[in-house]
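Each in structure tokens, the structures are laid out below.
Both of the next two complexes hold subunit A, though its partner changes from subunit B to subunit C.
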Partner chain A sequence: MTNIIIFLVLLVLGYVFGRMAERRHFKSIIDREKQYKHILCFNERTLPVHTPIPEVSLVAGNVVISIDYFKRIAAGLNNIFGGRVRAYESLIERARREAILRMKEDAQQHGAQAIFNVKLETASIYKGRGQQIGSVEVYAYGTALINKS
Partner chain B sequence: MIITNIEIIPGKTVVKHLGMVQGNTVRAKHVGRDIMAGFKNIFGGELKGYTELLQEAREESVARMTQQAEAIGANAVINVRFSTSSITAGAAELFAYGTAVILEE
Partner chain C sequence: MGYENRDIPEGINVSKAHPLKEFAWLAAGLIILVVFSVLVLSLMAEHLTRYIPFSLEQKATASVSKRYADEHPLNQQQQEVQTYLQTLADTLVVNQGLDDDMSITVHYVDDDTVNAFATLGGHVIIFKGLLQKMPHENALSMVMAHEIAHIKHRDPIISLGRGLTVYLALSSIVGIGNNSTFEQVLGQTGLLTMMSFSREQESAADRTALLTLKRYYGHLKGAATLFKLLQKEEAEHSAPSFFNSHPLTKDRIKAVMGFAKSIKAPADSTVKAFPDNIHKALRPPAETLEKAENQ
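Let's turn to the complex of A and B:
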């Protein structure tokens, strides 16, 4: 009986706080995406021809985001019936956009206007047999072009 | 030392390729961070401790790669790639590799 109560409490906590955190995070992502929209990201390897020769520098950003209890249970149920696992889709989207934003922040500090050859790397972090800690890491990196002026 | 993940550095030419250089580091999370991460797993959100840990680890692997490149007389590393693999529960390997070259104006 106590187990069921603990389970339900965790489920409700996960749902309420997880949703709150997610909404807040998406709002901040959208705000910052507007703020950094002057820095352009490309995944082309070749650089366009610039007349003042720009300097280059590696810029990167990473983030680790954890799933909440409710999402884990919801995804577990999805594993039975199949189909889209929406809980994870939004989690990974958040992580990717956040990593790209942090890369842009890094580029801003270097005074860059564009980032070329952007690569995204995703890794999942698990711990223990019961997958006690489930989180996703996204690392974004690229070459920033810095115009000397 | 110029480090990039593209093949050409604008305004400079590669005069000599010196082969691949690499740097790696294996990191374990410490218990305090793990407990915090356990709480965060209920509420969701960013694991700041892990973000910092992985970032520091990547910087170290790049530093090791740079050291290796300097040791063989390169002045740039191009085409850098990163790779992550988890070895056992609780430890991760971060790996950076690239081509060491000598550049001239």
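Let's turn to the complex of A and C:
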């Protein structure tokens, strides 16, 4: 009985705080995406022809986001019945956009106008450790083009 | 350069659907699935475990029982109580009409716990605490006959079979989910069902016990006394652990009382007192001391 009560309390806490954090994070992401809109991102490895070769620099940003208790249980239910794991979809989306934003912030500090060859790496942390903690890392990196003129 | 980053519309990866809605549906689905499979499986397990021969139960519990007896030797006085209990049990076995291949072994435990229970292999465990609460032999016979009835009905092995099946089923559902939290919550549900008899099993044991007492004593005087006593104990806050394994529901008491009334007791029916040596062995230590001082 005690276990069930603890379980329900964790579930409610996870839901309330997880949702609050997620809403706040999305708001901040959308705001900052507008702020850094002038830094362009492309996954192409080569520059368009006739582009003057400017100075270049490696820029990167990474983020680790943990799931909350509610998301874990919701994903557990999805594991039984199948379907879209919506709880994780929004989590990964946040991580990806946040990593790109941090990379753009890095580019901004270098005075860059565009980033080419953008790549994303992802890793799950604590994988296989009794599922005690589930968090995801997304690492975004690319080649920033810096026009000195 | 002619390159640009166009705005990506929101909501491609994140759906607008409320997370609680899907959660509620899936949780309800899981609960229905679990309840349904537990019901079906426990019915099947109850049906099948009856076919496990009693001798197998005895064989499986023999070593545990022997080890316990070796580790907890009884002194002479305790031995007398044990012999008395065993004799009473044997008499009740005859009156209850157990199968020939079934036998009852009574274990007397010198402990203040107010409890008695029947377990696998025909072993009935009776604690001193419960015996001290019994006003006369008829009340004790009711307890004993109730426990023997559990064994007659094969309740311990049925409960174990049911519990194990449910536990395995739940673990395998959890295995698909592969989630330790589910495992904890569901695992406990399985263990709970493993250790207890169902309400139906308790009522059936009551009925058999009453019929046994009727055959042995010719009346049910003491049996009703026992239930009144237990009811009183329960009312007086200190519900002894006896109730944990034997929930004393109102319906159960009502059924017993009704049955007792329906049988006309002969006018001269009396309850049987405990033999002197047993009475002496069960006396609480404080009382014994007092008597010694008075002499």
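The rule we apply is simple: the second predicted complex is superposed on the first by the 141 of 149 C-alpha atoms of A that agree within 3 Å, B and C clash if a C-alpha of one lies under 4 Å from a C-alpha of the other, contacts with A are read in each partner's own complex, and residues count from 1 in each chain.
By our rule, a residue touches a chain if its C-beta (ideal position, glycine included) is under 8 Å from a C-beta of that chain, and two chains touch if they have at least 3 such contacts.
All values reported here derive from a predicted model rather than from experimental measurement.
Visitor: Using the superposition on subunit A, tell me whether subunit B and subunit C clash or fit.
Guide: fit
Visitor: Looking at A:Glu89 after the superposition, I want to know if it touches subunit B, subunit C, both of them or none. Which is it: first, second, both, neither?
Guide: After superposing on A, A:Glu89 lies in contact with subunit C but is clear of subunit B.
Visitor: Angle subunit B-subunit A-subunit C between C-alpha centres, in steps of 10 degrees?
Guide: One gets 110 degrees for this angle.
Visitor: For A:Ile29, is the partner it touches subunit B (first), subunit C (second), both, or none of the two (neither)?
Guide: After superposing on A, A:Ile29 lies clear of both subunit B and subunit C.
Visitor: Just checking: does A:Asn3 make contact with subunit B only, subunit C only, both, or neither of them? Give me first, second, both or neither.
Guide: It touches subunit C, and subunit B stays clear.
Visitor: With the two complexes superposed on chain A, say which partner A:Cys41 touches: subunit B (first), subunit C (second), both, or neither.
Guide: Only subunit C is touched by A:Cys41; subunit B is not.
Visitor: Residues of subunit A touched by subunit B versus by subunit C: which partner has the larger set?
Guide: Partner touching more subunit A residues in the overlay: B.
Visitor: State whether A:Ala114 touches subunit B only (first), subunit C only (second), both chains, or neither.
Guide: So A:Ala114 only meets subunit C here.
Visitor: When the two structures are overlaid on chain A, which partner does A:Ile73 contact: first (subunit B), second (subunit C), both, or neither?
Guide: Only subunit C is touched by A:Ile73; subunit B is not.
Visitor: Once the two complexes are aligned on their shared chain, state how close subunit B comes to subunit C by Cα atoms, in whole Å.
Guide: In this superposition, no C-alpha atom of subunit B lies closer than 13 Å to one of subunit C.
Visitor: Where on subunit A do subunit B and subunit C both make contact?
Guide: Touching subunit B and subunit C on subunit A: residues 72, 132.
Visitor: Enumerate the contact residues on subunit C facing subunit A in the complex.
Guide: Interface residues on subunit C, with respect to subunit A: 1-5, 10, 13-15, 17, 19-20, 22-23, 26-27, 29-30, 173, 176-182, 184-185, 188.
Visitor: Can you list the subunit A residues touching subunit C in their complex?
Guide: 3-4, 7, 15, 19, 26, 30, 37, 40-42, 48, 51, 70, 72-74, 76-81, 84, 86-87, 89-90, 92-93, 114, 130-132
Visitor: Using the touch definition from the top, list the residues of subunit B that touch subunit A in their complex.
Guide: For this pair, the touching residues of subunit B are 2-11, 29, 34, 37-38, 40-47, 50-51, 54-55, 58, 62, 80-84, 86, 89-90, 92.
Visitor: So in the complex, which bits of subunit A are touching subunit B?
Guide: Its residues touching subunit B are 10, 13-14, 17-18, 21-22, 25, 45-47, 50, 53-54, 56-58, 60, 62-69, 71-72, 98, 116-117, 119, 121, 123, 125-129, 132-135, 137, 139, 141-143, 145.
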